[in-house]
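Order of writing sets the chain letters: A, B, C and D. Residues in each chain are counted from 1.
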Amino acid sequence: MVNVSFLNLNLERPTVLASGILGLTADSMRRVVESGAGAVTTKSFNTEGRKGHPNPSILPFRHGLLNAVGLSNPGVAEVIKEIKKFKAQCEAPIFASIFGRTIEEYGEVTQQLVEASPDLIEVNVSCPNVRSEFGTPFGDSPQDTAKVTEIVKKYAGNIPISVKLGPHGPGVGRMAKVCEDHGADALTLINTVGPGMLIDIDVRKPILSNKTGGVSGPAILPIAVKSVFEAYEQVRIPIIGTGGVTTAEDAIQMILAGATLIGIGSGVYYQGMEIFRKVNRGIQDYLTKYGFTSPAEIRGLAHE
Amino acid sequence: MKTYPVLRIIEHSPTVKSFYFERMTDALPGQFVNVWLPGLDEKPFSVSALGDDWLEISVKAYGPFSSAMMELKPGDRVGIRGPFGHGFSLQNDALLVGGGIGIAPLHLLAQALSAQGLRFVSLLGATNKSELIFATDFERRSERCFFTTDDGSMGKKGLVTDDVLQIISDHRIRFVYAAGPEIMFVKLKELLDPLGIDYEFTLERYMKCGIGICGQCVLDGSGARVCVEGPVFNRQALKEVTDLGLPHRDASGRRK
Amino acid sequence: MVNVSFLNLNLERPTVLASGILGLTADSMRRVVESGAGAVTTKSFNTEGRKGHPNPSILPFRHGLLNAVGLSNPGVAEVIKEIKKFKAQCEAPIFASIFGRTIEEYGEVTQQLVEASPDLIEVNVSCPNVRSEFGTPFGDSPQDTAKVTEIVKKYAGNIPISVKLGPHGPGVGRMAKVCEDHGADALTLINTVGPGMLIDIDVRKPILSNKTGGVSGPAILPIAVKSVFEAYEQVRIPIIGTGGVTTAEDAIQMILAGATLIGIGSGVYYQGMEIFRKVNRGIQDYLTKYGFTSPAEIRGLAHE
Amino acid sequence: MKTYPVLRIIEHSPTVKSFYFERMTDALPGQFVNVWLPGLDEKPFSVSALGDDWLEISVKAYGPFSSAMMELKPGDRVGIRGPFGHGFSLQNDALLVGGGIGIAPLHLLAQALSAQGLRFVSLLGATNKSELIFATDFERRSERCFFTTDDGSMGKKGLVTDDVLQIISDHRIRFVYAAGPEIMFVKLKELLDPLGIDYEFTLERYMKCGIGICGQCVLDGSGARVCVEGPVFNRQALKEVTDLGLPHRDASGRRK
């Protein structure tokens, strides 16, 4: 057991299912916990739900994944049912990831969501796939991010909130500080990178139906590690380090950079659901090898 | 993802066609490929047959995507990736129950069973004769082959499930494979569970990634992913499934 | 021969050595031409030169390279000698990549450089490695980029200029337009992505001496393709598509997205110097297969 | 990059030491590894010996980096990546000419030549006896072994190049290997070219990447990269080199 405390929670394992991966239903998330995740995050949802983009919406390439799922979700009412169902079956914490098309919608979805009592509300201000539809992601603007953070915090009651940022915009360090200053209890770093595009050279068209999609998976590990490192120097709130983790070594890099928990998404494609167990075990082995007793003891050591 | 030109098209009926491609991959019976129509969408289709140098899928026109496939001409390029999922196990003394386009995956299974010299009986149903695809081939490969149609245009008029118990006892059947509408599985479960006969059904759910990460295709109850742990599930796995025959999730994840 | 015209030049091959790779000396660049490059780009230089960062400054990881060379260069006077020496030996065009610590320095280095008559002046406003030292890269600010473009154009005389942008900042499409509007004759897209960081988990320190470095190589191909695609919709000036190209297929994606020339840097690590010849040949084979006679005929086709 | 603990240190003299690591890689004679001292810098060092389970490098203190290496203690971790570059070919009837720390790569070469049963003579020079590293080992493996020192503390007083021609003719030498200061190569070229004897020298240049992309280590004239095409170059390759023995480029790329 690699126990780790995170805010008011005590997780038995430091790995967390990242948002958008297998987070649609209670039963799916329960299986992820059975595979070793210390906590799970739901797919991001808003008030009304969204159909998302047609397929192809998720495209593996040699070094990562490209995705433009387009924030498909069944809406907060459905998700509340799934969260309750999950909590009835599972001890592990569940993080609810929310988004809105307007700042007000972030508030509305929070107001409705609290009824389900998720253990954390993750505030997705950084999905690059909805840029064209809603303008620039909120996460690119310090002002908007501050406002979103405040409104979610206002309605979240005693549920802690984590703001999820991308690696772009005006600098992760600066944005991290903005979130902390406006009430964020934690940060989730990072969302997908890019976006990117791949073109089929025989039919001569972009492959994703949305043309562009965010890059995740092994390709982005260095950018994620750097983002966590940079934010850790600016804030005192804990960080869920996410992006490109496929091995225990990757996860340890995140912890050394300053992460408290390790988010894993695309890794499920590369290593199967077993990835959670493998990464937990690898972290444990590393701690034992060097005589540490908990991940907390190595957190941020790369800064020294 | 790579794209491949359509090599040949067989028109079974105005709304059911088979498409041939170069054999870009192996596939086990029950496995599927994702087919991308550039500019439109990408959907899963079971491999219905494999030759030395070709791969076949068979499509029934339902909605926008499958209807667009009916417009394909030889030489048109479509994207194909896969094979995905886990296929059927190969069993002796089996009954293959296929409904409608569900006959497609069973056809590759029949190929594999007869290649292994395994004994099986087939029971295929469709709305009418023209949709009873691969009928001759099933007749050739199966020990016996029964047909049903809604309109009686071929075989017996009625549902595939009507005579299942009779066939099982007449033909020493010890294992049942089924592919087709989910309502058929519900009925089969009711019939087979009391007998203690093992089975494998191939399920369909709305899919996005096909590679086990989006969570769109998960079953209720077990949480199994149709695209990875499925599409073929056995009796044991189906026991935990709580949404068999119930409305499924659409693209948003909402139950219809 | 895959002839391609680019501005006033006629290149025998569409591949170009990207800046910072093997571009320090005349003899080194001549060897790259002998290996099949249609043109070469010098390492970026400024007036006085720079020592750059200590090693490790270039770090391969599983999916790309991380580099923080730190714009080491011997200064414009030395580079002028090498450019002249190159031109005495080689027919292939040579592109001179310049940077400055101030907007004025971009002007000064251009003023001195014109004596060497490079075939193109590439204006590097986007190196992420010098962010901390000089503040935000000029390429992150439309105003600064406009000013840099204008001053270089002013002193460049009849030598065409290409502005080299990164994928970040306020949107590649918008920045591309700014450059075109302020006198750029071409664009080079993209510089490295990120930056990123990798941490050695045994010594628990960032590996690059500069801690962070720009990501290049296969990991960034989708981001580069998307940047070219986006810029192509905004501008009419030609684009040197650069980033993650290691195969002919990658290069063809770039051309379909809208690139006129293909920059190759990290690919030299993955495929050796032979990469130029391989990519040229692959493009030729593709054109033949589909009955095209020149890359120009497939340029931008992914937009249709 | 991975890091490895120093296993053992041999102190040849206050400014020359050998460091042992687990054998994390193979290496051909003449190949080098990049050694990273976390927080300081990373520089290339030739592999000087290989055992079943260890790898050795030998370092002479010159400037900040090599001096910092003198401070290493067993157990300290350093980063090692490689091997990089192309090594020596293995030839019969050879003369090994080593100057100073250049003896290090020749030592691995001597190991390899004797393992192949090839015949060779060694000629090693250094400032003084304590820097004539591996002397006993060379004496044991070589058909004959000659030494020179600047101060006469071992072997003959003078430069290694003084007696090269004599040794070549006395010992039926048909191939010359050399490693050491570049001025030594210039002299050797002058001596050997008229005789038509083939040779391989191992060159050093300021390196950044070690993997052939930064262009920092390229030779003038040929444009060859010391880290990829070198560090060992033969007569043919050296013919095109125009900066042998001349000042090299520093970290900025400027010639000193």
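Simple rule for what comes next: a contact is a pair of C-beta atoms (placed from the backbone, for glycine too) under 8 Å apart; a residue touches a chain by one contact, two chains touch by 3 or more.
A quick note: this is a predicted structure, and the numbers were derived from the prediction, not measured.
S.K.: Common contacts of subunit A and subunit B?
M.R.: Where subunit A and subunit B might share a partner, there is none at all.
S.K.: Report, in whole Å, the distance between the mean C-alpha point of subunit B and the mean C-alpha point of subunit C.
M.R.: 51
S.K.: For subunit B versus subunit D, what separation do you get between their C-alpha means, in angstrom?
M.R.: Each chain's C-alpha centroid was found; their separation is 67 Å.
S.K.: Approximately how many whole Å separate the CA-defined centres of subunit A and subunit C?
M.R.: Taking the mean C-alpha position of each chain, the two centres sit 33 Å apart.
S.K.: Where the centres are mean C-alpha positions, what is the separation of subunit C from subunit D, in Å?
M.R.: 36
S.K.: Which residues belonging to subunit A are in contact with no fewer than two other chains?
M.R.: Correct list: 205.
S.K.: For subunit D, what residues touch not just one other chain but two or more?
M.R.: Residues: none.
S.K.: Which of line, ring, star, complete and other names the graph you get from chains that touch?
M.R.: Its topology is that of a line.
S.K.: Which pairs of chains touch each other in this structure?
M.R.: Final set of chain pairs in contact is A-B, A-C, C-D.
S.K.: For the complex, give me every residue of subunit A touching subunit C.
M.R.: So the residues of subunit A touching subunit C come out as 61-64, 66, 167-168, 193-199, 201, 204-206, 211-213, 215, 218-226, 229, 249, 252-253, 256-257, 286, 298, 301-302, 304.
S.K.: Given the complex with subunit C, which residues does subunit D contribute to the contact?
M.R.: 1-3, 34, 36, 38-43, 77, 79, 207-209, 211-216, 218-225, 249-255
S.K.: Going by the contact rule set out above, which residues of subunit A touch subunit B in the complex?
M.R.: It is residues 20-25, 27-31, 43, 49-52, 54-60, 65, 69, 72-75, 78, 200, 202-203, 205, 207, 209, 265-266, 268-269, 272 of subunit A that touch subunit B.
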